[in-house]
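Below are two complexes that have chain A in common, paired first with chain B and then with chain C.
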Partner chain A sequence: MFQDFLFTYQSLIDAVGINGLLALSLYVVLALGQLSLGQAAFMGIGAYSSALLTTRLQLPFPLVLLAAACLPALAALLIGRPTARLSGVYLALATIGFGEVLRIFYVNAEITGGALGLSGIPERAGFLWIYGTLAAASAGLALLCRTRIGRAMEAMRQDELAAGVMGIDLARYKLAALVASAALAGLAGAFDAHSSSFIAPGEFGFDAAVTILSFALLGGTGSPFGPVLGAVILTLLPELLRPLQDFRLVLNGLIIVLVVLFLPRGLLAWRIGRVR
Partner chain B sequence: MLGQQLVNGFVAGATYALFALGFTLMFGVLRVINLTYGVYFSAGAFLALALVRNVGFGLGLALPAAAIATGGLAVLIDALLLTRLRRAKAPELASLMVTLGATLLLYAVLTAWLGTEIRRFPPGLVGGAVEFGGIRISGAQALIIVTTFVLVAGLLTLLRRTRLGLAIRALAENPEAAQLMGVDAGRTVAFVSFASGALGAAAGVLIGLEYNAIQPYMGEAMMLKGFAVIIIGGLGDIGGALIAGLLLGMAEALTAGYLASTLKDAVGFVLLVLTLWVRPDGLFGRASARRA
Partner chain C sequence: MSSPLLDIAGLSRRFRGLVAVDAVSFAVQPAAIHGLIGPNGAGKTTCFNLVSGLVAADAGTITLAGTRLEPLPVHARTRAGLARTFQNIRLFAEMSVLENTLCGQHTRRLAERAAKAQALELLDLVGLAARAGERAGALAYGDQRRLEIARALASAPKLLLLDEPAAGMNPAESEALALLLQQLRAGGTTLLLVEHDMGFVMRLCDRITVLNFGRVIAEGSPRDIRADPGVIEAYLGPALARRLGPVDP
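Entry: the complex of A and B
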């Protein structure tokens, strides 16, 4: 019975998990008051590099995943190092630019299959890989909320200046968060490539980055579960209400505007381990 | 050959600078990266086109009319989206996110209304090309260069020499102190929104004339150049935006001419990241809101 269900809705179930992972990756950055619009780009690096490593070099899947996490993390280091010392605006702008440059690269480069993308990627990332990673990552982040690191992140989001005065190394936290978030997004990209067996440049553009942001904001960034909830809702909703599909982007835009203005804590306003 | 390339780069650079002026003004004073700016660029071009085609205006009338109307639109959008956040003293990234969401909505409205096909201005709106020393400059290009320099000079004079400019700078420096000194914050903010919306629209009309391809998403493509220009020049630095725009245009032209034309679109991003690493205050070290 469960097997049948999995088989019928496999691509949708995979998409929910992958989007959950992406929302979680953005949460890592939002949790300390930063904004990255490069999650789709980091995902793209993971997707393309993993697909190439699997199809060209026939590397084993765990090794491929390792590379898919490390390469975007390296890119994040390059952008995050200088912006970590600056106001959050710089990171947001730099990551938008980064995403666009990569998209142009994917469309033009031969190795990435140009505008057609890559196809025929073996389906190696099943339910267990995707949801295992999602569960591990959300559990890890939820536990992190209760530690010294989690409290420091919360403090930075509330008031960066005060947090800095309290002795929190702001730049180090920001850089570490961006690198971790890029690695998570890269993993999501590898799962995407190895479950849908096809990737194209359009999946990793600006629209995708904004979609990921709408997941996280709708769910709320008080705990890691909010963004995952947002991803589940916004992935399933267009499937249930078919007419919505043409308006997906508009819907995402509307959600972002309304949530930031009227519901800044998102749907799941509950927070873990608030300092008493 | 090199001469023509440098001139082409200079012209492209002037368009980038022209585009970035309103954007950087908006950030410098309102401390908001307002991503709806690209929409004003597209809206201005469409309005001028409609005025030229349907009402029979010349460029001399259509350009200011489109700029004023778009300026009004910018004031309205700013009031709808950002006053609430400003009053709540929300973090600057909240306003960035709101304008990001609004941008998607506004582009969707523009596209639903006007379609995605490329429209063109009728020929003969601006004078023909001039040629000296074997180097060609089209009428639209000459107009862009002149307008850019006039606007930069005008903006700098406004900001440095007038009472309104003083109020604007005071508000940028410290909103509370400025208000205590009798600056009407609401009106000054509205004026800056109006001015940057009008500047965006004027840029849209002139750049639309030069490329002669007008469609709803034209503003989105320019935004990426805009990010690079305002960061390289220093956020909020108007003179810096001019120099950074020219620099970017020429660097792109030389890259396309001597390395590979596919690399052209990466130049802006490379310069942007380089600036962040080496000189985050911008070329002249005058960025107005730098540290976290």
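Entry: the complex of A and C
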């Protein structure tokens, strides 16, 4: 019974988990008050590198996943150093630029299959891989909330200047968050490539970055569960409203506007319990 | 005289045409309460910002317990033993009272259990233990000021900079604050404070430095400062100087 269900809705179920992972990856950055629009680009690095490692080198899947987490993390380290002093909208702009550069590279490079993308990627990312990673990542982040590091992140989000005066190394935290976030997005990219068996440059552009942001905005960023909830809703919604499929982006935009206006803390405003 | 805990020499900062802090030099002795006073715009808060690293100095040196602070970024100065509060309170409003204090312990890397125990002790010291679980932003103004002091103390600083700690407090609260600060001094913490309540400053401080237009115009014991014609002229005014009491024989 469950097997049948899984088979019928496999691609949708996979997409929900992958988008949940992407939402979590953005949460890591939002949790300390930074805004990255580079999540789609990091995802793209994970997707393309994993697809190439699987199809060209026939590497085992766990090793491919490791590479799909490490390569975007390395990219984040490289762009994070010069942008560490940026915050707010400036970091967002820098990461948009980074994403566009990569997208143009994917479109033009031969190894990435140009505008046609890569196809025939073996379907190796099943339910267990995707949801196991999602569960582990959300549990890890939820546990982090009540530690010294989690408190430092929240302090940065609430008052960066005061957080610095508390002795928190702001630049180091920002860089670490961007690197961790890139690794998660890279994993999501690898799962995407190995579940849909086809990737193209269009999936990793600015639209995708904004969609990922809308997951977090809808769900709320008080806890790691908010963005995941947002991803679940916004991935299922177009399926439930199939007639509106063409207006999907309009609907996403509308939801962002409505949430910002009426639910500034998102659907799940709940914050991981205060220490008493 | 023992060697000073904080030694500021030739400290200057210019904001475009305005020289906010102009070759300021003074020293703070260990386990003392040192007052920094002067009219609005005299450069007191800029001095604090220079010492804590929020503003970079154009010239001069800042030495805390033998460590030169000016090359260090803000967070490293905390590690070197510096803590501060803000004139316009800057708590982490959404976090609980206890969590704010725990944030103050960041540099000490305590185990969670020890961290919580010490934070509660500090809250007890400032009289907020009963409110540990409340949202910091929901506290009354005077309580927020005390919480900011507890949060600053949580890093176990050698030197605590207090920017107008008694501002907005009623007489009873400011009396309790004075007792707390004396208690801290007795415990070996050194305090440098900016304050406009002259009764508070004169009663509490061991030594006072007076700034005007970014320059040091006087330094000495409270008694010397009250009697200093330059200070009366620039800041205290003759009426207040008289009310603060005759210069003891």
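Assume the second predicted complex is superposed on the first by the 273 of 276 C-alpha atoms of A that agree within 3 Å, B and C clash if a C-alpha of one lies under 4 Å from a C-alpha of the other, contacts with A are read in each partner's own complex, and residues count from 1 in each chain.
Just so it is clear, a residue touches a chain if its C-beta (ideal position, glycine included) is under 8 Å from a C-beta of that chain, and two chains touch if they have at least 3 such contacts.
This is a predicted model, so every value here is computed, not measured.
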item: Superposition on chain A - do chain B and chain C clash or fit; value: fit
item: Chain B versus chain C as contact partner of A:L170, first or second or both or neither; value: both
item: Chain B versus chain C as contact partner of A:A162, first or second or both or neither; value: second
item: First (chain B), second (chain C), both or neither touched by A:A115; value: neither
item: Touching partner for A:L57 - first (chain B), second (chain C), both, neither; value: neither
item: Touched partner set for A:L237, first chain B, second chain C, both or neither; value: neither
item: Chain A: partner with more touched residues, chain B or chain C; value: B
item: Which of chain B and chain C A:L78 touches, first, second, both or neither; value: first
item: Partner chain(s) touched by A:A152 [first = chain B, second = chain C, both, neither]; value: second
item: Shortest CA-CA distance in Å separating chain B from chain C in the superposed model; value: 10
item: Residues on chain A lying within both footprints (that of chain B and that of chain C); value: 164, 170
item: Touching residues (chain side chain C, partner chain A) in the complex; value: 52, 54, 73-75, 78-79, 83-84, 86, 90-96, 98-99, 102-107, 109, 112, 115-116, 132-133, 135, 151, 155
item: Contacting residues of chain A [partner chain B, same complex]; value: 33-35, 37, 78-79, 81-83, 85-90, 92-94, 96-98, 100-101, 104-105, 108, 160, 164, 170, 210, 213-214, 217, 247, 249-250, 252-257, 260-261, 264
item: Contact footprint of chain C on chain A as seen in their complex; value: 147-148, 151-152, 154-155, 158-159, 161-170, 271, 274-276
item: For the chain B and chain A complex, residues of the former touching the latter; value: 27, 33, 81, 84-85, 90-94, 96-98, 100-105, 108, 224, 227-228, 231, 235, 262, 265-266, 268-269, 272-273, 276-277, 280, 289-292
